[in-house]
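Paired with subunit B in one complex and with subunit C in the other, subunit A is shared by the two complexes that follow.
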Partner chain A sequence: MSAIPSQIVAVKLPARPFSWRRVATEAKLLLIGIPVLIWTMIPIYHLVLFAISPKESALSGKMWPDHPTLHNFSVVFHQQHHYLFHFWQQMWNSLLIAVAAGALTLLIATGAAFSISRLKVRGGRAIMNLALFTYFIPAAFLAVPMYKTMGNYGLLNNQWALILAMVTIASPYAIWVLKQASDKLPYELDEAAIMDGATPLQLFRLVYVPLMMPSLVAVGTYALLLTWNEYLYAFLLLSRDDSITLGVALGNFLSADDSPWELLMTTGLLYALPPAAIYYCFKRYMVSGLTEGAVKS
Partner chain B sequence: MSSVALPEAAGAQLAAPAKKKGLSPWETWGLVLIAPYVLVFLIFVLYPVCYGLWLARHPESYVKLYNDPVFFRSVVNTLVFLVIGINIKMVIALFLSGFFVTARTWIKWLSLLFILPWAMPSIPTILSLRFMLNPEWGLINSLIFRFTGADGPNWLNDPYLALTLAILTHIWKSLPFWTLILVAGRLAIPGELYEAASVDGATTWQKFRFITWPSMKTLYLTSTILSMIWTLGDFNSVYLLTGGAPADQTHVLATLGIRYLRLDEVDMSMASIVVALPLMLPLVYFMMKRLSK
Partner chain C sequence: MASVSIQQTQKYFGQTHIIKGVSIDIADGEFCVLVGPSGCGKSTLLRMIAGLEEISGGQISIGGKVVNNMPPKERDIAMVFQNYALYPHMTVRDNMAFSLMLAKREKSVIDERVGKAAGILGLNQLLDRYPRQLSGGQRQRVAMGRAIVRDPQVFLFDEPLSNLDAKLRVQMRTEIKELHQRLKTTSIYVTHDQIEAMTMADKIVVMRDGLVEQIGTPLELYDNPANQFVAGFIGSPSMNFLPGTVMRSGGNVGVQLSDGVVLQMPSGTAGADGQKVIFGTRPEHVELVGGSEGVAAEVVVVEPTGADTQVYSKISGTEVTTIFRERHDFKPGSTIRLRPDPTRAHLFDAANGNRLAA
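Now for the complex of A and B:
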């Protein structure tokens, strides 16, 4: 397929006469594209710039260091600063909590969506509405009561507190997206499976889950990224140096005035790369999954 | 599709007479599979919300809140954030969605980079912005000094400038998401409409006015309301950039609650959230009406 259009383009392009109108159109696009690129990338470039600069150079306001170095990365990887003594442990905590919250959200939301959309459980509609309502509570408003509640449950400083909090925040949207997607599956499939004597669990395992795979990947990734990137709940619920996530550790750098900024930025870059990579890996699913949920109109 | 439209009660009634006693395996599994979410809701949403409202029951908290100048400032800041910030963001998103649907290879690549602020965690990128704005050694003032020889402003030390920068930070962070949503909306419009309009000699503005806008306005409005609700809870943009400084002049309601918590005034903290409910609930009601049909 792809070979044919490119041949056509190759033949067509030289034949097309030069026109000022076309140049103007391209120029206008560039006039939008270049500022968008600069606007988007400057804070990220700045992050990279600090990470590869020796300290003095980073603070001198240069756009590129005279002697780029990977020294900062070596310091971080070898945990050679008292802010970094638990770097690998904290990276591991971030990963563990994100994977746990992602998996748990996926499990809970798939069950709920299947139950509401396919099994038509009694009260399913009301539960969907409650979930939607939760989705609309701004996360920062729920943070304080959640913090007090976790205290009451005796879960403060326990990583389960953060995992469960993130499941609570992520699952309403997950259920919503999955319900939207599963409402679109033809009911004839269920009927055919039932005719063949399938039990509810077989229907779930053999028909529903395989068909829902793209949405499941989208939702799992969404919950994983949401948890990895979370800062507010993480710093409220966890505080011991060896149990916090990397995000909270970054926030702790700010407590001192003489913090090693270049190390903070290096650690920050290492913390920011995995979610970006995961996003790119699952971009296909994410974009359709997320927009489908939000766009319903 | 028809069974989706079927009201819940009707489905249950149909199933009920078939089995007289006990639950069918379908009903049992329906309950078993939905139970985990119901538990999560009861334990981590309903109980905290009720407990929070109970903590916020003292009238004195509201008197104290009313007398706290920081509270008044936070309410004004929040409104500025929502009314001005969000509308600017959504207009830009609408404009950029038109740019990103243009068929060019380099625009595809650009869109991959454009999503980064949204995909990356807030804390490193916003701290990066914060360092750029440092008056002594930040990149921005260094560049200003190099090109003009003058000292740049003390960005985060002026309450108005700091709040503006917090709003810009919020826009930087969440613009990609909303642009993506509006791009999806634009892609759903049939291309023939534009081709027909081109044949009839319509200008770009006319195409937007008579084709794009009518098909997008519901989505645009929904997105704006949703973004406003979420922005009420945007803690990071303000907290990580300014921390409420200078002199607690740049707090918004989302950071104010945490400020009271840190001052060990949980009652005040909850009261400040309860005060935001009149602002939030109409928006939530609107969204529920839109989505739960």
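Now for the complex of A and C:
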């Protein structure tokens, strides 16, 4: 608290531009911020370093390669290594599965949140509690039962198996988040729409979904990225080289005695790009204050 | 336009009895105000008429049709909410057109109706704005516009002005009344503000604890309150109540206050000799007298408002509010003499609060 008044004084009196206290506050923030930044950036720096180094100097330990090259990218793009024969297919698999799991999770969670929070269906609380209960058991413990279940349905080695498994894992959290967000929408809006003659489906489509957009984008992105980054379930449920995700394919690099590190890291770098792109695309939708002006608070 | 008939209506929330058998008849084109303290059930009753709450017992009909089991959209009514409830992601135009769009009306019809309603409410310049870009008064006007475009049989208003500041509230009050005079649509208006009720209503329904205390025109309620509750609720500042006893000797009737002062009453006054009563007098029906007339009152606070002077004083320990057109500068603690106009006084049975019939 004590730092705030001094800042106000500094703003009000431009004649006193220098304040040790302000410098100290800034310095403290920088002191924490810079190491955290470096700590975060070092692995990425190494990833890039590997990706632009020729094979022979990849492990030289230099801070910058003597002859930086984009050759590794060319190898990956043209699938010129036996670990990379299905690179584009696997990238596509990852994307397809992640988008499908994200969309399906969103569909289920939005429907559940709308029914529980807005239509106030019977047993809504029980469903919420059950959803929370699923997280009492770590997802890794459920991998084998899930494998068995998918086997029973004849879905092993089918990409639907992974999509459904990821929807199962992501949905409970998604339902919770969306339920909480739904509860914050003023109920009068529903009543106004009902008075205007809206059916529950029209209420959902024309009032609820538009107003929930920021939360929907956040939850959809969460489910998408969760699936994109999933390894264990993808490894267990899919095994054909042309049906696995890129994440699993990256893991396969490590099965060789002399792994092509520079190619692994190049592929890894490429694998990290779509999530970053997705995040930046959807970031602008994750705005708050969308319901401003709806009701007097 | 239609009449609304509420017969022996009941509402339970679980075990709690909210509406305990209410019957109200509202004529076609009438502006009816439901008024009462918070928790009296007025909003619940309105929501039952709207169809947002189920009816536990009794019957509600609109335009002669029983609507007990009819969903809101079939009742042909429109509602204005306390906190506007505008769709924040839609423009003013879309907010107003929403119901017509749901009803799949033709675009030309929608445009015409929205344009007409916007004209009535002075919203023409704001049609492409979003609710967040509007002031409180403008938002409330859009909420009314949304009701008007539907041309419903009945308008329902749920405390529509209570979120506005005092000045705007007075202005909107007039606007709503003007609107009603123009459209002549049957309106049911809920408020806890008795001034809103007095100024706007053709008919006021005073409610308390889920029951109707009195139904009547504003002036009927003001001049002949059925009981002490209505007398105290209607009118501002509210009526003064002094406990007393009826004294009859020969043809003379008086009310003796607790400290022995006797107020003379007109000869037709009801009440048996010795009956405990509450003597009610409105602040503007008390005059300042000199000499030994009236009763002594000790001045507590003097509030000049410019137009008149409100004097708070104590008669026999009971606080009394008086309004004088003249300007007075009494010192707190000084003694003045007040005489309530006996012809305009009200007597209530001290036991049950009911008005003593003349």
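To be clear about the criterion, the second predicted complex is superposed on the first by the 247 of 297 C-alpha atoms of A that agree within 3 Å, B and C clash if a C-alpha of one lies under 4 Å from a C-alpha of the other, contacts with A are read in each partner's own complex, and residues count from 1 in each chain.
The rule is short, and it goes like this: contacts are C-beta pairs under 8 Å (C-beta built on N, C-alpha and C of every residue); 3 or more make two chains touch, one makes a residue touch a chain.
The shown structure was predicted, so the numbers you read here are calculated from the model rather than taken from an experiment.
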Worksheet item: Which of the two partners, first being subunit B and second being subunit C, lies in contact with A:162: first, second, both, or neither?
Response: neither
Practice prompt. Have a look at where A:133 lands relative to subunit B and subunit C in the superposition and call it first, second, both or neither.
Written response: first
Worksheet item: Touching A:197 in the superposition: subunit B (first), subunit C (second), both, neither?
Response: second
Discussion item. Going by the contact rule set out at the top, does A:216 touch subunit B (first), subunit C (second), both, or neither?
Written reply: neither
Discussion item. For A:170 in the superposed arrangement: first (subunit B), second (subunit C), both or neither?
Written reply: neither
Worksheet entry | First (subunit B), second (subunit C), both or neither touched by A:33 | first
Practice prompt. For A:207, decide between first (touching subunit B), second (touching subunit C), both and neither.
Written response: second
Worksheet item: Which partner reaches more residues of subunit A, subunit B or subunit C?
Response: B
Worksheet, complete the sentence: Note: overlapping subunit A surface for subunit B and subunit C spans 290-291, 294-297
Worksheet item: Hey, which residues of subunit A end up touching subunit C in the complex?
Response: 186, 188-189, 191-198, 202, 206-207, 210-211, 290-297
Discussion item. Please output the residues of subunit C touching subunit A within their complex, sorted ascending.
Written reply: 50, 52, 72-73, 77-79, 81-89, 98-99, 102-103, 130-134, 136, 139, 146, 150, 163
Worksheet entry | Touching residues (chain side subunit A, partner subunit B) in the complex | 29, 32-33, 36-37, 39-44, 46-47, 49-50, 59-63, 107-109, 111-112, 114-116, 119-125, 127-134, 136-149, 152, 164-165, 167-168, 171, 175-176, 183, 187, 199-201, 204, 225, 228-229, 231-232, 236, 247, 250-251, 254, 261, 264-265, 267-269, 271-272, 275-276, 279-280, 287, 290-291, 294-297
Practice prompt. Could you pull out which subunit B residues touch subunit A in their complex?
Written response: 3-4, 8, 11-12, 15, 25-27, 29-34, 36-38, 40-41, 44-45, 47-49, 51-52, 55, 96, 99, 102, 104, 106-107, 110, 112-117, 119-129, 131-132, 137-139, 141-143, 145-146, 172, 176, 180-181, 184-185, 188, 218-219, 222-223, 226, 229-236, 239-240, 254-255, 257-258, 261, 266, 269-270, 273, 276, 280, 283-284, 287-288, 290-292
